[in-house]
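Here chain A shows up in two complexes: once beside chain B, once beside chain C.
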Partner chain A sequence: MHIVDGALSSPVLITGAVLTVIGVFIGLKKMDYDHLPLVGVLASVFFIASYIHLPLGFSSVHLIMNGLLGILLGWVAFPALLVALLLQVIFFGFGGLLVLGVNTLNIALPAVIIYYLCYKGIRHESAKVAAIWGAIGGAGAIIITSLMVAFSLALSGESFVLAAKAVLPAHIPIMIIEGFVSYAAVYLIHTVKPEFITKDAH
Partner chain B sequence: MSQGLEHSLTSWSGQALKHQASWIDDIDARVRVVCSGLFALVVVSSQHFVPALLGLLCAFLLVKSSKLNIKRTLRRVVAMDLFMLMLICVLPFTTPGDPIFSVFGLTASWQGLLHALLITVKANAVLLVLFSLVATMSASTLGHALAHLKVPDKLVHLMLFMVRYLDVISQEYKKMRRAMQARAFVLRTNRHTWKSIGYLFGMLLIRSVERAERISDAMKCRGFCGRYYLNDEMKIGRVDVVFGVAFLCFLVLLIGLNIDDLFK
Partner chain C sequence: MKQRIELMKANALYTVLLFLFLSVSLGFSSLANAHNVVGGVYAEGFTIEGEAGFSNGSMANEGTVVKVSDTSGTPLGEAVTDDQGYFVFTAKKRITHVFEINMGAGHILKMQLPAEELPDSLDDVTATTISSNSVASTSDITQSSNNNGQVEDTNQAVIQNQIQNQITPLMLEKAIAKQIKPLRREISALKEKSGMRDIIGGIGYIFGLLGLVAFLRERKLKAKQ
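Now for the complex of A and B:
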């Protein structure tokens, strides 16, 4: 999921960085200081989520949950994910410094898209229906993310096309798991604390 | 193995990587951040092996002199290198060039192999420099340094908040996981696991949001008006200038080595 430094070509790096800066700018505009504790805490929850490794046959996958983050935060997902990814690069060595823009874009843009797609559905009064939208959001964000990762690899050179083609099937299991997990999470929130979703955060 | 990984990573609460005191700790945080950023820029845009390898050598020297635990540092890089290994296996077959050998009608090329190796060298060099220069300060020092470097206030605040609450939330997570373990829950590949983890995650979200509301109330009660104050004054001293100039000279050397004619 994290692309490393040195792999992508400079046009891709620059485009990614510019788009991320725009996204972060919009996100910061939409976030006032009153929201800081909420955004900070939610960003930490997603940071922790990316260390929950679920077994898959002989290997394991980790949750990404950018769909759910997008549903909760909207555009603010951009600054939240940028900070999370920056900390991951520096202190854990996941990804790289110059590809930070591309990596943030690949995870945060799907989150924002899912926010607009599932905005209505997630606020449905029936917990089941809302949870199904949550599952669509969770799985959908992974599809868009893996497509974007594949594109950023493929645009960086002919020789990466095969690797790019491998990205999509590799993400299918994660997509399925994430769909189920998001379904359960939204279902629980809807039953336990519906105002958390239904109230308009922004 | 994944369980061990999970534990070590969720117990991070914003502290610097474990290391003994070294001269690198005395250098101003801003100088270290800027230097590693420039280093990444120069090394990643290198076209040849010589500057990239020199960069890697410099990175090793910095790791050595920052007195990081070598074994642990290498273990952090290995995770990335496993991903790179896949790329090294793929790239030779997809890049046209002089053949090395062929399997099942597919030919591996020298150019592809060299390209993959170059990427590996660059990625490792950048990460090692980040570890030795930036990760040897605590995350809150990094936040303050970024604030002094004119990174938007809100972004820095977000980072400081996040670093603070990572620890709190990971404890909450561990508590809930322990409760599940006490009820004989084992992670498997089935829908029951996914549903339980989904519930765990949803509950974690709810508890965290309630906590965020309490935090925000408590802060308002103490007169929080929307910003932290950065009390620490960062001053550029002689050590900082010497290190900065030496590092810049080295980077200029790397840029110089990238001029094409040198190798033709």
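Now for the complex of A and C:
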């Protein structure tokens, strides 16, 4: 899911960086400082999740968890993911510093979209219904992210259909796993700590 | 009091979540692999040998197309990787060759072979092959001349000279490139390897950063009061 340095053309890199800066700015504005630890835990979750690789033929895919981040953090997903992605570049060599903007955008924007898409569903009284929306969010975020990755590759010259064909099938297993993980996480939070979800929108 | 209990509940949840992921990541860390692409190109005479793969040691898919071009982007030809991720391309001109391999999903590897690593002309290649034959014969001379004490010194000097003339830098480079090939791969695989230390370190950074934000926030609030 991390695009490496050198795969994208500079206009794509610059656009990605600018949009990410805007997203991070909005995120910092909207950040609820009372929930700072939550942001930290979720950033860590993402940081580790990318390290869990599932072998798939010659390649491998990893959990992304951006759906869950989006559901719980909304716009704050941008700064949280930026920090986590930066650390991944430094520690693991995933992606690169130049593509950090594009990578953050590709992962954080779907999170924000999911936040709005599942806003109502997640706040449903029944934990089960909320959890199902959580699963939809978890899987949906992966689809959007995959499409965005394919799109960024396509903008840099690769044919979209070809890129999408390479990216999407690899993420179907991840989609399913993330759906289950998000379901479980939302269910747990809904029963144990509902105010994380039902806290007022900012 | 109620608030305190709430806080403890929240803390417990964080801890559980963190533990869950730590344990899962521990279990999976053996499967971990980085996304970076690695490869190399080495000239052996006019034959350029190269390899492409991922930093975890798995190589490029068989049949991956390697696009060869010069520095300005004019295509020079194509090569195809074998099942070991190796490819061979025969250079026709002494110019810098650029190799571009698209391993899919944003994994693009670009490598350059500078013109200096290629021999000056085709004649040069034949010359080196001949000289490598004559090196063998000079070593025979060394053995036979070992018995003649006085002649040895002068002979040695001559042979040294001869060898120096005959072992061209190209041959040396070829031999060295061959020897360090596996080392190179091991080093890049080692570089990409990240372990538990990195994971815990990363989490530490995230929490440290948040601590800093919380601290600054607190100070700001206190200053307002």
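As a convention for this text, the second predicted complex is superposed on the first by the 176 of 202 C-alpha atoms of A that agree within 3 Å, B and C clash if a C-alpha of one lies under 4 Å from a C-alpha of the other, contacts with A are read in each partner's own complex, and residues count from 1 in each chain.
Note that a residue touches a chain if its C-beta (ideal position, glycine included) is under 8 Å from a C-beta of that chain, and two chains touch if they have at least 3 such contacts.
What you are looking at is a predicted structure, and each value in this text was computed from that prediction instead of being measured.
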Next item on the list: Identify the partner contact of A:A111: answer first if only chain B is touched, second if only chain C is, both if each is, neither if none is.
Entry: neither
Margin query: Per the contact definition in the header, classify A:M175: touching chain B only (first), chain C only (second), both, or neither.
Written below: neither
Checklist line | Between chain B and chain C, more extensive residue contact with chain A | finding: B
Notebook entry, point to check: Between chain B (first) and chain C (second), which does A:Y33 come into contact with in this model arrangement: first, second, both, or neither?
Noted result: both
Notebook entry, point to check: Touching A:A7 in the superposition: chain B (first), chain C (second), both, neither?
Noted result: both
Notebook entry, point to check: Touching A:I197, do we find chain B (first), chain C (second), both, or neither?
Noted result: neither
Margin query: After the superposition on A, what does A:L97 contact: first (chain B), second (chain C), both or neither?
Written below: first
Check: Now for A:F47: first (chain B), second (chain C), both, or neither, which partner does it touch?
Finding: both
Next item on the list: Considering only the touch criterion stated at the top, classify A:V89 as touching first (chain B), second (chain C), both, or neither.
Entry: first
Margin query: Quick check for you: in the superposed arrangement, does A:V149 touch first (chain B), second (chain C), both or neither?
Written below: second
Note to self: I'd like to check the shared interface: which positions of chain A are touched by both chain B and chain C across the two complexes?
What the structure shows: 2, 4, 6-7, 33, 36-41, 43-45, 47-49, 51-55, 60, 83-84, 87, 91-94, 158, 163, 166, 188-189, 192-193
Next item on the list: State the interface residues of chain A toward chain C in the complex, per the touch definition above.
Entry: 2-4, 6-8, 33, 36-41, 43-45, 47-49, 51-55, 58-60, 83-84, 87-88, 91-95, 149, 153, 158, 163, 166-167, 170, 188-189, 192-193
Check: Which chain B residues qualify as touching chain A in the complex?
Finding: 2-3, 5-6, 9-10, 12, 17, 36-37, 40-41, 43-45, 76-77, 79-80, 83-84, 86-87, 90-91, 93-95, 112, 115, 118-123, 126-127, 130-131, 134-135, 139, 142, 152, 154-155, 157-159, 161-166, 168-170, 173, 187-189, 191, 193-199, 201-206, 208-209, 211-213, 215-216, 219, 226-227
Check: Within the complex, which stretch of chain C touches chain A?
Finding: 9-10, 13-14, 17-18, 21-22, 24-25, 28-29, 31-37, 54-55, 58, 61, 102, 104-108, 110, 191-192, 194, 198-199, 201-203, 205-207, 209-210, 213-214, 217
Note to self: Taking the touch rule as given, give the residues of chain A at its contact with chain B in the complex, in rising order.
What the structure shows: 2, 4-7, 10, 24, 28, 31-34, 36-45, 47-49, 51-57, 60, 63, 65, 68, 72, 79-80, 82-84, 86-87, 89-94, 96-98, 158-163, 166, 177, 180-189, 192-193, 196
